[in-house]
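Chain naming follows the written order as A, B, C, D, E and F, and within any one chain the residues start at number 1.
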């Protein structure tokens, strides 16, 4: 499935931290940058996300702010 | 002002495309990745955003999906 | 690619309306419901979205409000 | 109050799962589809959301991605 | 219908600006603050939004960033 | 850094409630209104957010719904 989201950053999972309902997943993408995603625990289980996995951070253009 | 947003990607504006109310701004960040932001024309004017500017893409962790 | 988004509604595109930068795509999903997505024109071109296409509306759980 | 949100899916709550601050609410809408909403515990209490309630999933068009 | 969204700011519409698909609506809320909402033209028509109307800005808690 | 976000509401933190991964921060802005933000615990620590702090609620125009 191809996505309408304009921003797909490929990388590798460097941390998965689960809370009671919400998890934080950190993905190291190109250039040393680390993207933090806040997703459901259910999604972590469903995708079997764990440190070392190849993963993609997907971000809709309308969710990006610009600072200058 | 320091922001709660977990994802701040510094880069350089490579394109500004204005529509009637909404603009698309492309920022080249580290590793050759280009982030597209959909913001108001008013914001483009207010920040005087133009090609070549240093700018930062700001993304809240809860707006990041993960694909695997 | 499997997505962390909890809500994937499969259906058929019933309308694509492009503005200058932003497009509205309507997808008829199960039960006669029609989902409206506001995405970039670029995404419409990139996915070659047109009436009659099979498509999926993807929605992150944190973007859903509840009314009662 | 009428809402600007383009997507209002009526259904019935099939699960309410509270964490420490964030809850997941599942609403079965038409055609057997189940929508997951991630909202505050406070909202769950405020709306007295529980299994069996009639409820509406409200989604802004700009929060819908399209996959094809 | 009562909403899960934690932030409902009542005020008065001070400007409606329509583009080709997307409109910007400005609502003056308490204390002289003006909230800008980017919504579909269709929503503007559907709610018959115009200057002087009483209206409410509705914002989900997970869409609020904090700066300090 | 100047932000593209159209809505910046200055105020004072009146409550910080941390869960296991996600925190709720309440900011009293002008006119007695209180804005609730759902952000990561990490952001709370990073900004050292506590009751009494001056803080700003930052909201992108595309994340605002309108009710009438």
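A few comments on the model shown:
In this text, a contact is a pair of C-beta atoms (placed from the backbone, for glycine too) under 8 Å apart; a residue touches a chain by one contact, two chains touch by 3 or more.
Chain labels with UniProt names: A, B, C, D, E, F = TOBE domain-containing protein.
The shown structure was predicted, so the numbers you read here are calculated from the model rather than taken from an experiment.
The minimum number of touch steps linking chain B to chain C comes to 1. Here the repeat of D-F among A-D, C-D or A-C is A-D, since over half of its contact pairs match by residue number. The pair with more inter-chain C-beta contacts, choosing from C-D and B-E, is C-D. Chain centres here are Cα averages; for chain D and chain E they lie 21 Å apart. One finds 30 Å separating the Cα centroids of chain B and chain D. For this pair, chain C with chain E, the centres built from the Cα atoms lie 23 Å apart.
Mean C-alpha position of chain A lies 17 Å from that of chain B.
Contact of a single residue of chain A with at least two other chains is seen at positions 1-6, 19-20, 22, 24, 36-40, 42-43, 47, 49, 56, 58, 60-63, 65-68.
Within the complex, the chain B residues that touch chain F are 1-6, 37-40, 42-44, 46-47, 49, 56, 58, 60-62.
Interface of chain D with chain A (complex): residues 17-20, 22-24, 36, 38, 62-63, 65-68. Interface residues of chain D facing chain C in the complex, by the touch rule stated above, are 5-9, 24-25, 27, 29-33, 35-39, 43, 47-49, 53-68.
Within the complex formed with chain C, the residues of chain E that make contact are 1-5, 19-22, 40, 42, 58, 60, 62.
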